[in-house]
Structures are given as C-alpha cells and as structure tokens.
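Chain nomenclature is as follows: A, B, C, D and E, assigned in order of appearance, with residue numbering initiated at 1 for each chain independently.
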Amino acid sequence: MNNPQTVDFIRWIVVLPLLGAAFNFLLGATLQKKLGRFAVSITGCGVVIASFALAVAAFLRMLELVPSQRFLLDDLWRWFDIGGLRLDIAFWLDPLSIVMTLIVTGVGGLIHLYSTGYMHEDPSYWRFFAWLNLFTFAMLTLVLADNLWLMFVGWEGVGLCSFALIGFWYTDQVNTSAGNKAFIFNRVGDWAFVVALYSLFSGLSKVGHPTLIIREIARYAPLLGTQHAYAGISVATFVTLLLFLGATGKSAQIPLFAWLPDAMAGPTPVSALIHAATMVTAGVYMIARLNFLFSMAPLTMLVVATIGAVTALFAATIGITQNDIKRVLAYSTISQLGYMFVGVGVGAYTAGVFHLMTHAFFKACLFLGSGSVIHALGGEQDMRRMGGLWHKLPVTFWTFLVATLAICGIPPFAGFMSKDEIIWSAFDTGHPWIWSLLWIAAGLTAFYMFRQVYMTFFGEFRGTDEQAHHLHEAPPSMSAVLVVLGLLSFAGGAVMLPRFIATFSPFEVFLAPVFDSPQTLAVTAQTHHQGLEGYFAALSLLLVAAGWLLADLTYRRKILSADRMSRFLAGVPYTLSFHKYYVDELYDYAVVRPYMMATRAAGWFDLHIIDGLVNLAAATTVLGSWLSGLFDNYVVDGLVNLAADATLAAGGRLRRLQTGSINGYLYGLLAAVMVILLVRAVLHT
Amino acid sequence: MAGLTLNHFLVLGLILFLLGGYCVLARRNAIGILLGIELILNAANINYVAFSFYGGQAAKYDGQVFAIFVIMLAAAEAVIGLAIVLAIYQNLRTIDVSATESLSG
Amino acid sequence: MELGNLASLQAFYPELLLTAATLVIVLIDLLTSDKSWLGEVALISTSGALLLIGVGPLDGGAWLFRRMLVYDSFSIFFRALIALAALVAVWMSIGSQEVRRCEQGEYYSILLASALGMLLMTESANLLMAYLSLEFVSLTSYVLTGILRHNRRSQEAALKYLIYGGVASGTMIYGMSWIFGMAGSLDFMAINRALFATSHIPVLAVFIALVLILSGLGYKVASVPFHMWAPDVYEGAPIPITTFLAVGSKAAGFALMTRFFYPAISHLGPDGNWQPLNQVAWPQLLLVVCIITMTLGNLAALQQQNMKRMLAYSSIAQAGYALMGFVLLSNDGLIAMLVYLFAYYVMDAGAFLVVMIVANLTGSEDISAYRGLAWRRGGALLAISLTIFLLSLTGIPATIGFIGKFYVFAAAIRERFYILAVIGILNSVVSLYYYMRPVKAMFLEQPVDSVSAVTVEYWNYGLMGVLALATIFLGLYPPPIISFASNSLRFFISSS
Amino acid sequence: MGPLITFYALALLAIVSAAITAFSRNIVHSAFALFGALAGVAGIYVLLGADFLFIIQIFIYIGGILVVTIFAVMLTQGIADVNVSNRAVGVLPALVTAGVAGGVMFYAIIHSSWYHARPGSATPTTYWIGDAFLGPYVLPFEVASLVLLAALIGAIVISRQEVRE
Amino acid sequence: MNHPLTLITFIPLIGMALILVCPPAFKAGYKWIAAATTLPQLIIAGWLVHNFSTNTAGIQFVERYPWIRAYHIFYFMGVDGISISMVLLTAIICFISVFASFSIEHGEKGYYALLMLLDTGMMGVFVALDFFLFYIFWEVMLLPMYFLIGIWGGPRREYAAIKFFLYTLLGSVLILLVMLGLYYYGVTPTFDMTQLAAQSSSYSMTFQRICWVALFIGFAIKIPAFPFHTWLPDAHVEAPTAISVILAGVLLKMGTYGILRVNYAILPAASHELAWFFLGVIGTVNIVYGAMVAMAQTDYKKLVAYSSISHMGYVMLGMASFTAAGINGAVLQMFNHGTITAMLFILVGVIYDRAHHREINGFGGLAQQMPLYTGITGLAFFAALGLPGLSAFISEVLVLIGAWQRHPVMTVFGAGTAILTAAYLLWCFQRIYLGRLDEKYASLPDLSLREGFTLVPLAVIVIVLGWYPHAILGLLQTSLNHLNRVVLAATPAQAVALH
C-alpha cells in the first residue's frame, strides 16, 4: 500500500469519456447534421466501451498482483500545494474502485447502447450523449480519485450532469424544476461534504499530517478517533456524520431524498444510469471507500444503519401507491439504497458494495425495461393506462420479470444474494430492530414490484387505441441490452454466495484488502449467530412470498380491491403514502417559502435601509443637529437617498441666508462679530 | 486736563462706533448707511487722535496722520459711493436697498 | 536693511510701472479715438510688471520707504501671483464681450490701479499702509464691479460691495486703533515688540481688536462670516473682474492677513512653529472660521444654477481650504497655504475663463447653457478644459488642485489637526457633487442646439490651453511650484 | 474742570447728533445731523491738540464729503416724501447687536492698559505733519493721490454713463 | 525590456493620444486602435509572468526615480506575487473589454479614449509601490469610470455615475488621510510602501487601529463590503457591458488588493487584531447577504451584481483566515471572480443587446434559439456557483479550508451559501434559458463571432484554472505566504509606542 504500482493507462479510463463529451459538445451538433446520428453514437458509446475495456485490462492486471499489492496509481500532475494541502490530479485503482469502475463503464456502456435506440428520434441526440459521456467521466473521477477533493470534483460533477439530464427536455419547466431541485438538494449534501473535508483536513493538520489523500487518511485515521472536535464528539464522528449527510443528498436518503422521484422527469436511460445504477450509489461507495474512517465512529455507523433502514421502509411504503411506472422504481431505488446504507452502516461493507453491484444490474434492467414500455406506448408512464403488454413486448417482459425477481430477493437471482446478506448482517451485528425494518421493507418490495409487473404486463390493455396500434417491441439495440442486464440480474450474484451455501466467496476475498484495516475489522468481526443465517433467509422469503401473493391477488386476479383495502385502513395511511407523506410540501413550507420571503426582505432591506442608512450617516455628519426639522421630514418620508437630498436642502437653507438684502449682509458681518465677542467675553470671565 | 482721561475719549469713540453700527444695520436708505459708515470712521478717528495725544512722543503724530488718511479715503469712498448711488437711482428710481435684492441665494 | 524713500525705488519698479501704465492709459484714452488697443497696452504693462517682479533684487529682503513696506520673498510670491492674476484678468478682458462695451481707458487704468493696490497690500508693513492699500483695492474694485452700463446686476453688486466694504474697513480701522493704542505704533515690528514686551497684555481688548481687524481682512478673503458680499458681487461683476477679485483680491487679502497675524503679532520659534500671543485665542477663532467657511461655501454652492455664483461659493470654500494652512501656526501650514493659493489661481482662473467663453457664446451664465456642450461641434475642448478645472477644484489627483489639497491636508495631519483634516476631506467629497453638475450637463446631457458649431477666439483658447495644461502638468510634476512656495516663506522680520 | 466741561459739551453734541443721524426717519434730517456730529468730533480734535486735523475735519469732511452727501440726498429724494425716506427695519436686533457688542467692548476699554496712558501736550502740529508727509509718510501720501485719482476716474466712469443718457 | 512596468501602464495612454488625434473620418478605427493598444499590454503581461521569479517574496521589475523630493515621493513601480496576478487579470480583462465595447454606437472617440485612460489607472494601481503614486492612479480611475457610466450607460446613468463617484471618492479621501498620517508618524517620513512596511512597528497600536479602520472603509467601498455596497448594483445596472466587465473584473479587486498591500503589509499588527471582524464577519455577511439579495432580483444584471458582492465575500473571508490556504485562495478567488464575473456581464450584455431589456421573467427558452450562448452561460453560471472542475471551486475551497481553521462558524455559513448561490443562479438560468421559447425572441441570433471571441478565452481560463490552478497559485504563493507570516508574527505588543 505504501508503494503503489504506477500505471499510466488508468487516466484513459477517465479521460476517454471526457474526450467523448468534449467532442460531442463541440462538434456533435454539426456532426449530427452533416453525418447523421451514427457519428455521434460511435463516439458516445465508443469511448465508454473503450473505457470499459481498459477497466477490464486494469482488472486483469490487478489480478496478477498478490492481493495485498492490488493498488494501482496514475499520478497526472500537481493540482495545488498550499498550506500543507498537497493534492494531485491522480487516479487510484484498488479492488473497490475497480469494481465500481467496471459497474460504471459496464452498465454505463450498456445504457449508452440502449440510448442509441431510445433517444434516436430526439433532435438533441448529440447533446444527450455529450452529457452522458460527461457523466461517465465525472462518475469515474469520483470513483478513481486518489484524494477527497478530486472525489468531490466527481461528486459535484455527477450532480451537474444529473441536473442537465433531468432537465434534458428543457422546454418543459417541470423538467427543469426537477433538475434544479435535484441540484439544490445535492448541494445541501455537498455543503455537508465540504465542511466535513475542512474539518477532516483541519483535524489531520492538528495531528501533524495535513492531507486529504485517501490512502494517507487511512494511515492516520486512528489518530482522529480520540481527537475531540465539539462537545465531546470526536473529529472522526463529526466528519463522518457530515459526510453521511452529504451521502444522503447524493444517494437520496432521509432527509434529502425528495429530489429523486422528481428526477424521473429525465429520459429513462438517465434514470437507469444515474438515478439507479451509478450516481445515487456514490454515497454508499464513499462510505465504503472511507470505511477506516467510519469505523472509527460507532455513532455515525449507527446513524447510517438506522437512516438506511428507515429510508428503506419509508420509501417502500410510498412505492406501493404510486402509479407512475418510473416513480415506483424511483422509490424502490431509494429503498434499495437504504439497504446498502444498512450494509455499510453495520460494517458489512462487502455486502453493501455487493448489493450496490447487483442493484446496478437489476435496477438498470428495470428502468430500461420500463423505458422500453414507455417507448412502446409513445411516452405514457401511468401504469393505470397500461396492462397486458407481456405478449406484445416479450423480451421486455421477461427481462423485467427476472429483474423483479432479483429485486424481491427470490433465490437464486442476484438480488437475493446481496440483499439477504445485508438483512442477515443487520441482525448478525446486533441490530435486530434494523433487521425487522428491512424485513418488512422486503415484503413491501415484493408487493409493489409485482403490483407493477401485474399492472403493466397483465390484464387488459387500458391505453388508447392509437397506442395499442403502435405497440411494438423495442429495437435490437435496446432489447439486447435488456437481455444482457437480465442475465446479469440472474447470475450476477454468483460471485458471492451466502455463507450457509458456500464457504468461499471470491467477491469478498477480492475486496478484503480494502476493508482490512484494523478498525474496520474490529467492527465487522462481530459474528455471533453463524448458524441462524439460513433460517433468517427463509423468514425473509416467507414475507416476500406474502407480498407477491397479495399483489397477485389484488392486481392480477383482482380478488382483493385496492380501494377497499385503503378504505379498510381508514384511508389515512393510503393518503399519506400516495402523497409521499407530504414531504415536498413540508420542504416547501418549512424551507423554500420562508427563504424566498427572507430574500425578498433582504432585497427590500438593501434597497431601502442600507442605502438609506449609509446616506443617513453622511447626512448627519454634514448637517449636524440644526437641521432637525428637515431631518424629521425625511425620516418620515423614507430613508432613501436622504443624504443627497438633505445635503442639498442644507445648501438651500444656507442659500436663503443670502437674501440679497445688504442689511442682512451687514448683520452677517456685525452680528457675527458681536457673537464672537460675546462668546469670548463669556469664556473670559 | 485734569479729570479728563483717555477712557473718556475711548468711550465717546465707542458710542459713536455703536451708533454707526446701529445705523448701518437698521437703515434701508443707501445714503443713510453711508452716513453710518462716516460715524464709524469718526469713531475710529477719535481713537487714533486720542491715542496719539496720550501715547507720548513715539506715537505723537502717527495717530493724527492715520486720521488724516481716514478722512481722505472717506472722501474718496463718498465720491464713488454717491456715484454708484446715483447710478442706482437712475436705474431703479429708488435708493432703498430693499430694492436691490435681485442678486441673492 | 532699511531703505530710504529714494533708495527704495530700486525694489519698486513693478509698482512704478503699473502706476505709469495707469496714467498713460488714461492719457492715451483722452488723446485717441481708437481704443481697441488699450487692452494690449495693459497686457504689456502687466507682463512687464510680472517680469520686473521676477528679476527684482533678491538679497534677503528690506524695509522700503521708511518701513512702510517690506520687500521679502513672501511678498515676491504674492506679487507674482497678483501680477499673474492681473495678467489673466486683462487677457480675459480683451476677449470679453461684456468688457468691450465699457469705457476702455477707464476700465484698464482702474484695473491696473487695483493691481497696484494689491501689490501694496502684499508688502505693507504698517497699519496705515495696510489700510490705505486695502482701501485702494476696495475703491477700485467697487468701480470695476459697477462698470457695466445699464446692467442692473452690476450696479447692484457695486452698491452692495461698497456698503459692505465700507462697513468692514470701518470696523477694521476701529480695531486697528486699539492695536495702535496698545502698541503705540503703526509699524508691524514695533507692534510685535510692544505686545511681546509685557507679560500683561489686555487679552480681551487685543482679541476684540483682532476680531474687528479680521472683519476687514476676512472680507477681502471672503471668509465666513465676512463673505456675504462675495456671491452677489461675483455674479454681478463682469467675468474678468470676477476672476480678478476671486483670485487677485483674495490672494492679496491672504498676504496681508498672513503678514499681520504672523510676523506682526506672533513669534517664530526655532522649529518653524509660530507662537501666538499668549491667551489670545485668534487661532481657535480662525479654526472655527476656516471650518465654517469651507462647509458653508460648499453647501451653499450645491444648488446654484448660475455658474458664476456657484464658483463664487466655491471660491469661498476654497478660501476655507487655504485657511486650513493658515490656522496651523506652522511654516509648513503657510507653505501649504501658498501652494494652495497658487493652485487655486490656476484652476479658478481657468474655470472663470471657460464661463466667460460660454457667456460670450450663449449670453448666459446658467448651468443650463452648458447642456451638451461636449457634443456640439468644436465644444469638446471647451468642455474638457472646464472639466479639468472643476476636477482640480474638487481635488482629484493628477491636477494641481490635488497638490494643493494634499499639501494642506498633509500640513494639518502633521500638526495633528485631525478633525480639521477630516472635515476638509468630507467637504471635498461634498464639493464633488456640485462641481460635477456642469460636467454632467456638458457630457451627460444632449445639447438643445446641436446644429450650430461652437466657435471660440484663438485668443481665449490660448489662455485656456495654457491654464489647462498648467493644471495637469503641475498636478503631475509639482516641484516647481512647491519649491517656489517653500522658498517664499521667508518673512523679513529683522528690526534693524 | 474746563476741559472736562468742554469735553462733555462736545461729546453731547457729537452723540446727540449721531443719534439723530442713526435714528431719524428722515434722510435729510439724518444728513444734517451728521453735520453736528462731525463738528463735535472736530472740537474733540482741538481738545486733543490736533489743530491741523480740526481744519481738515471742517474743510474736507464737513465742507466736502457732507455737502456732497446732502447733494446726493437732494438728487435722489423727492422733497415730498422725505418723511419716510430713511426707513428703518429690524430696529430691535440692531439695538441688541450694538448693545451687546458695546457692553463687551466697554468692559474691555475700562479694563485695559493702554500704551503710555498719560496726556501729551497740545502743541501746534501742522509743521510736524507736513514734515511727516514728506518724510516717513511720503509713500502713503503719494499712494493716496493715486487713490483719489482712481476714485475720481471711477466716479466719472460710473456717473458719466448716466449723463450721456 | 528595460521598463516593462512603465510600458504596460502607459501604453494605453499612447493609445488614448492616438485615438484623440485620429480624425473623425476614421471613426471605425478607434476600436482597432484600442485593441492594438491592449494587445501589446497583454503581451507584456505575459512576458512579465513568464520572467517572474516565483522563488522570492521580494518585488521585481523595480523602477524607482525621484518625483517630488519635498515629500520623498518616488515614481516607484514593481510587482510581487500579489500584484503580478492582478496585472495579468487587468491586461486580460482590458483586452477583452475592448472587444466587448464594439456595440457602442455613439461618441466612440471619447469612449475608447476614456477606456484607455481607465486602463492606465487600473494597471498603475497594481504596479505602484509608492503610496502617493498608488493614490494618484487610484483616483485617476474614478473619472473615466464616471464618464463611461454617465455617458454610455442606461436610463438612470447619471444617478449611478455620480453615486459611484461620490462613494468611491469618500473612500479614497480616507485613504489619503491615512497615507499622510503614515508619512508623518513613522520613524522616517516616506511614502514608499516597502519602507512603510519595514517600519510598521514604529506606529503606535492605537494609531494603527485608527488607520486600519479608515483604510478598511476606503477599500471596503471598492470591494464593496456590506454595508458600503449599494453603489454597486446601480453602477452595474446602468453601465455599458464592457464597463461592467471592467468594474467587476478589475475594479472590485482593488479593494481587496489594497487591503493586502496596505492594511496587511503596512499595519500587520492591527490586521492581526481586527481582521476577524472587518474581513471575517463582514465578509461572511457579504457572502450570505449578497446571495440572499441576489435571489430577490428580477433584473438579470442586478442579480449578477449581487452575486458579485457575494463572491467578493469569499475573498475577504479568506484574507481573514491568516492561513496559507485562505490567503492564497483569496487572491486566487480575486482572479477567478474577475474572469467569471466578466463572463457573466458579457453574457448579460449579449442578451441586452438583442432584447433591449434584462427582466429575468421576461425571457424563457432562449436555449432553443441560442444554444451556444446558453452553453457558455451555463458554464459561467456553474463556474460562479463553484462547480468543481472550474476555477472558482479551487479558490473557494482554499478560502474555506483556510477559514475553517480559524473561524469555523463563518466557514459553515460561507460554505452553506453555495446552496443559496446554486438556488438563485439555477432559478435564473431556468427562467431565462429554459422552458418554452417566447415567440418574440424566435429570431434572435446566436452568439456572433466577436462575442464568442470575448467569451471563449475567459471560458478557457475558467476551465484550465479549475484543473491547473498552479498557474496562478505558483505566482502568488511565495509573496503571500511571506505576507501571511509577517502578519501572524505581528502582535500588538510589538508596536512600540512612539506617539
């Protein structure tokens, strides 16, 4: 770890997408006009695929090394070196980041390919690919950064691309507002993130190691666990809490999750890539990346796990009532991200990352599948106007079903492997209440996912005749991607089988060097109930099956009525769920409106008071007290521009002394002499 | 000159000075104001001559000479002053100074 | 060195030249019918006088005419300044349409006589001489102010000037009589000796006498509260005369005032600081006067619509700045005052010159007549020059006015008159507002009459150019004027 | 006692006349009253041994300046409206101003020590003054002539325009 | 080049003279003379940067000749790390602003002549090391600025121009007083800034405090710091585009530059003592308050103006931190703010030239019609809101890293304002560029070549400095770290009570 091997092709993994983005930004429009969309597609997809190839090469290269030496570094140039903060533009490849890189470039590459079909009709085709490439670049920067500031560059960069792609169809203000919302929510998290970095840097400076390079932090992190920041909280806790707040913004956890459902306003590939597979998992990645730091802060770990679990359940309860095909998936994403946070929160970093990976597969598959549906229906997203599509869109249906089974955690699909590992870890590390929340959420997941499957693919078609007429399976570029992702959703979990099935899991071993710091091991080593894992898996499956059954009864067989169920529950939970617990409204009333009022007040204040006060100060110095009459006048009239007016008025007064009367002038002369003499005489006596 | 002191003359000068001062302040007639100025000049002259008289050899004639120059300049000023007053009178048909207030502010 | 009446003449050539010119012009006026070249005669005479002042004997100074006058570098400075003022006034008179309608012979002879009186004021070393020369200047100024025919404003101004001047000088000589009564002499040095000889001077009486004298001197420099004649007279008088009064008369007033308050009734310490008469609070009084003068001048100028009147108030304020140097009781302060007065001469004369040119063009002195001047054909140079002068009056750097202000404020800071400096500074900020009004009118507004071109005689352009360039050049490279001023601050005060 | 009585008599003449000058509402009265004041002052000059000055006062002041002034009064005022010709305004503030200043100055006069405050002798002064004008005061004397010349020219230039009309 | 600094300062004056003598028949030539004048200036600036030695904190390219001996005033020029970046910035902004001025349609002669004079004034301020000379240049800028706003400005130009003039004059006269005070009360009377800095300990602490506050007010008006900022929105709104660019790009920097050059270097002990409030607290207020008021604006240019106020707050906060990161970040932020805000004002000008109004709510959907323009605006906006990878991010981060170590609470607010900044900028972006295109703007042309030429170099700088800030930081570091050490070492106890 001390002497990482320097490999200079890693940079191309990152830079290639950037070049693609630059190419398409600068020339894409012309190219598209002159040579057609093909040219754009070639560059747009080509760079990501090339990147993926390089990542694979790097992966293979890494595998050649002994596990403890699997660290590759590519140092480009000195970024800045100020006040002990010496940072490079450098990329850092270790088992964790290679996994993430492969996901980003691999799934990302697939989604790029899918987009060539999905976005084919869009006039701003080039722009889409440019942003998509830029996103890939930013995400890879985030993943591969060797220091936290560079990571933050990617961290905000993905936010920017998310903003731009959510508002891709910018002529509709709804989309752009959703983009703004996403960016601003992310900014709140980013704010916490940067403050955390300041604090971290300051803390490390105090112990004599001013650095923000991740591998160096790993070395000095133990020093922070005992260093107090505020009110008895250690620097590590303080920093990690803030970092986690940052992660909630990026990964749409409570309290900063509200942007993600709205983000579905973007094109579906965007939802798949950014708002499901990659960007939103950045928070999880960041915590896994900084496991040595988080492990120093048990309080933070608890908070992470709790928030994750609550979010998982909370989002699931919203998901069961949504009718927009993508919104259901959005809430499901939030929920699944909650699982991942529980994973890293309880110290099961590998499980968290594992779920991150499988989720990338099946959630991308789900989104792309829904995209295919939307594509087929000419933009329709409301599930109440779908139905019976399975025979019209067979590929879509089957892949969607596989992914649904995966997300529900049905063995042997990939989701089962990862999700069950997390649920089990929660219990295993002594958090039974977290386990129970996740357990319920798993049931709800099965319910809303199958509800979606049934509403979309089964029953009668409820759309317009015109839609029915145009129904068609997606083009090969799209369906091929679905198939690949479906396969991955099915088999992707094989790299890490549950312990009660297999004793050796290559994924865990591969990642182990990242999570092998003493403090991390101290957290993860709490395994008490080895033998119970299988039973707990069965318990989960039971509830999942119940959820499935309920969905089946309600939405396929229509034995149960959703309306009646909601009435049975007095409507309150249903209303709350349907309206997403009024969180948006809460933010609106509690934050947005007061702030807007405050800004208007500040604007008024600036225009009337500050300007007035500054002028007033000038006025009082110039005028003195004898102008009090005039002064009052102006105070009543408002303070604006008082100074100029009052000074001028003073001039006017003085002018009136100059009456033109010679007697008056002589008074001025002699009476002044008299006054002087009088004053002097009084002083004299 | 028993009993007669410098202060007698100075106080007389002061009284004339004050009457002159009052005159210039209160009069509205330009010539009236000029008359007041003459009173002030005479008041000063009394002082000069008195100091000259009481001032011993060194100051013997300085005061008187000064007074002569004051009279001389008073004459010059009166000439110009009256010329201006007449010119004003020609223009305005009055020498009341309240009529000469077009310049003000 | 004390020179007798005849021996004194060698240092008296400029005055003699002016006397001769005064008489000659009257004579020529009587003899010839074409009077258009009388102005040139006056111009040559004033130039000659300036030249003679420049080449005058500089051997440390002397008493002239049995101690009536004093010849020293201080008087040379002011004599030069006054000769320059007269030169500008004559030059402007030649180019002024107002003046062309006057009696040329009388006008120029009285102008030169007035200049003569001012020269004498700067040299006076005796109360009598001071009074006489001051009155000389006053009498000629009354005439010059009232010289415009059928111009009611001119006549009215003359009357006010006369009455005000009469009362002020009357009050002054009454005060002088007390000084005479206490010192037993009219000679400045004798007064100084007598007042510093006793430890028990009648403080109150001295103070009263000084206040009364100040009314006469303050009236000449137009400082508050003796300023009230100034706006009316400046507005009513022909513009060259306004310039002459604003620059020359004021400078002469400052010269006499300095000579009276410094060498006559104060002692110079070895460190260049002056010791005033014990307990006589004239410095404090003048400090207050100074502050009020600049503040009132600036505030009253804010809303003036007539350029001449605005410049009149501005010149009151400028006198206040110059007084800042005066009240500091140090040679540095006095040098600053000299620098300031010189700067004031250049920029104020320039400003009045442009006002005259515009008045020649439009017949109006109102600010509204300046609207869009810069955008009229041929008007840009005029507008730029006026802007330079006005900025200089404000004290913006790279102009001579800034050097003046810099010196004055520097001296005030050095003598720890912080409040005074701050007030002065704030005043200069306030003054910006009204100095920028004509600038605004010229540049920021569009001309009413954009068709006709602005034509200016080369005669006037020449002087304007010289003054504008001097304003800038001396603002960027002030050493000539600075060394002139600092070398000039040597009073001839030896009694022998 | 003689000089004192003379002084008081002359002072009374001067003050009463001056008061009439200052307070009369008729400009003609004011002008003529000034005659008395100037005469009283002239008498004071005699009392102070300034015989030459006495002559000057009578000749120039009374004979010259005052006569010119009265001419001016006559020229500018119609005889009919002489009664209100010398309007006064702001009597009270003027009185207060004069009174307060007078009080302070009176206090100062009484409490001051003046230079060699002892009476001199009354000898004829004409010779000495003539000598002074040609000796130490020759410059003021010459300048005064210029002043008078300038005043003359000035008076002419200002009044001539009116004559020409 | 023997006198590069004299040359770089006075080349514009030559241009001004050429423009003035150029006959009106060659009206079209004025702008090219101006361009031909600023180009060599830019080249010299490049030459200076290239030949600048980053190893020393001392001043370089010194020129020193006696000027007014009576007051020991010298014509003294030189640059160190602090000023070299500003010289470069000034050269760039001036060059670009000439091209941004091509839309001026009346009085070109006066316009370009005044622009050149302004250029000289600005450059002079950054290279002058004699306080008197500094002051002269400082004031020389006011006048051309007054005219440029007053003649070529918007509807309320007269008000804005005189407000600008009065405010800044008020500030500068305070500087004049302090300058005189420093001259007289030091051990040796001098206006030489380096010498004044060397003898700083000879000033009593009370004197230092008074001077410091007076100087601060003088400079704060220029920054502009709360509550002296109200001239800025007016001036910006009324000024023509190029003048706004110069105002925001260079003039505002003079305030903070002055504080570094004078307050910090000459009065380090007082700086040490007072900066936390005057720069720290007021800087934070600037950041937060500026962002809040910006949100309330409906005028595009006013919004940018307030955002400019907000961003200058970071400079102040960084300077108050007295850490290497903070202070270097502050000066880097000066540079970055100069380029980014210049871009923003050019962009506002572009749309104003076309639509003749700046009402944010009066636009919409411009992205459809003007994609290139929208793209560059987006870049500028994201640069302004501190997006990583663009230049302002580095400087803000450095500022906040530095500030955190001394003033964590202020830093939290300063960092939090990034959210508010994002809010108002994105909202503005959305309202103007996104959404449905208004029919009346359906024929607006996209960026012209000239406009592109003014924007692209700045955009390139913004991106390059985001990834290679060392280009500027390398110049700054040595001098600023030295200055920082001086200030940190200066404690009130060190000031000998001479007075």
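As a working rule, a residue touches a chain if its C-beta (ideal position, glycine included) is under 8 Å from a C-beta of that chain, and two chains touch if they have at least 3 such contacts.
Please read all numbers here as calculations on a predicted model, not as lab measurements.
Chains that count as touching both chain A and chain D, per the definition above, are B, C. Relative to the C-alpha centre of chain B, the farthest chain centre belongs to A. Comparing each chain's Cα centroid with the centroid of every protein Cα atom identifies chain E as the most central. For chain C, the chain with the farthest CA centroid is A. Rounded to a whole number, the gap between the C-alpha centres of chain C and chain D is 31 angstrom. As a whole-number value, the distance joining the C-alpha centres of chain B and chain D reads 5 Å.
Centroids built from CA atoms put chain B at 95 Å from chain A.
Chain E has its Cα centroid 35 Å from the Cα centroid of chain A.
Multi-chain contact residues, meaning those touching two or more other chains, occur in chain B at positions 6, 10, 17, 20-21, 24-28, 33-34, 36, 50-51, 55-56, 58-59, 65, 69, 73, 76-77, 80, 84-85, 87, 97-98, 100, 102-105. Annotation for chain E: residues 170 touch two or more other chains.
Residue positions 655, 658, 660, 662-663, 666-667, 670, 673, 677, 680-681 of chain A are each in touch with at least two other chains. Inter-chain contacts, as defined above, occur between A-B, A-C, A-D, A-E, B-C, B-D, C-D, C-E.
Interface residues of chain A facing chain B in the complex, by the touch rule stated above, are 655-656, 658-663, 666-667, 670. By the touch criterion stated above, chain A contacts chain D in their complex at residues 663, 667, 670-671, 673-674, 677-678, 680-681. By the touch criterion stated above, chain B contacts chain A in their complex at residues 21, 24-28, 33, 97-98, 100-105. Residue ranges of chain C in contact with chain D, taken from their complex: 5, 8, 19, 22, 26, 64-69, 103, 106-107, 109-110, 113-114, 116-117, 120, 128-129, 132-133, 135-136, 139-140, 142-143, 146-147, 149-150, 158, 181-184, 194, 200, 202, 204-205, 208. Of all the residues in chain C, the ones that touch chain A in their complex are 159-160, 163-164, 167-168, 171, 203-204, 207-208, 211-212, 215, 219, 225-226, 228-229, 231-232, 281, 285, 295-296, 299-304, 426, 430, 433.
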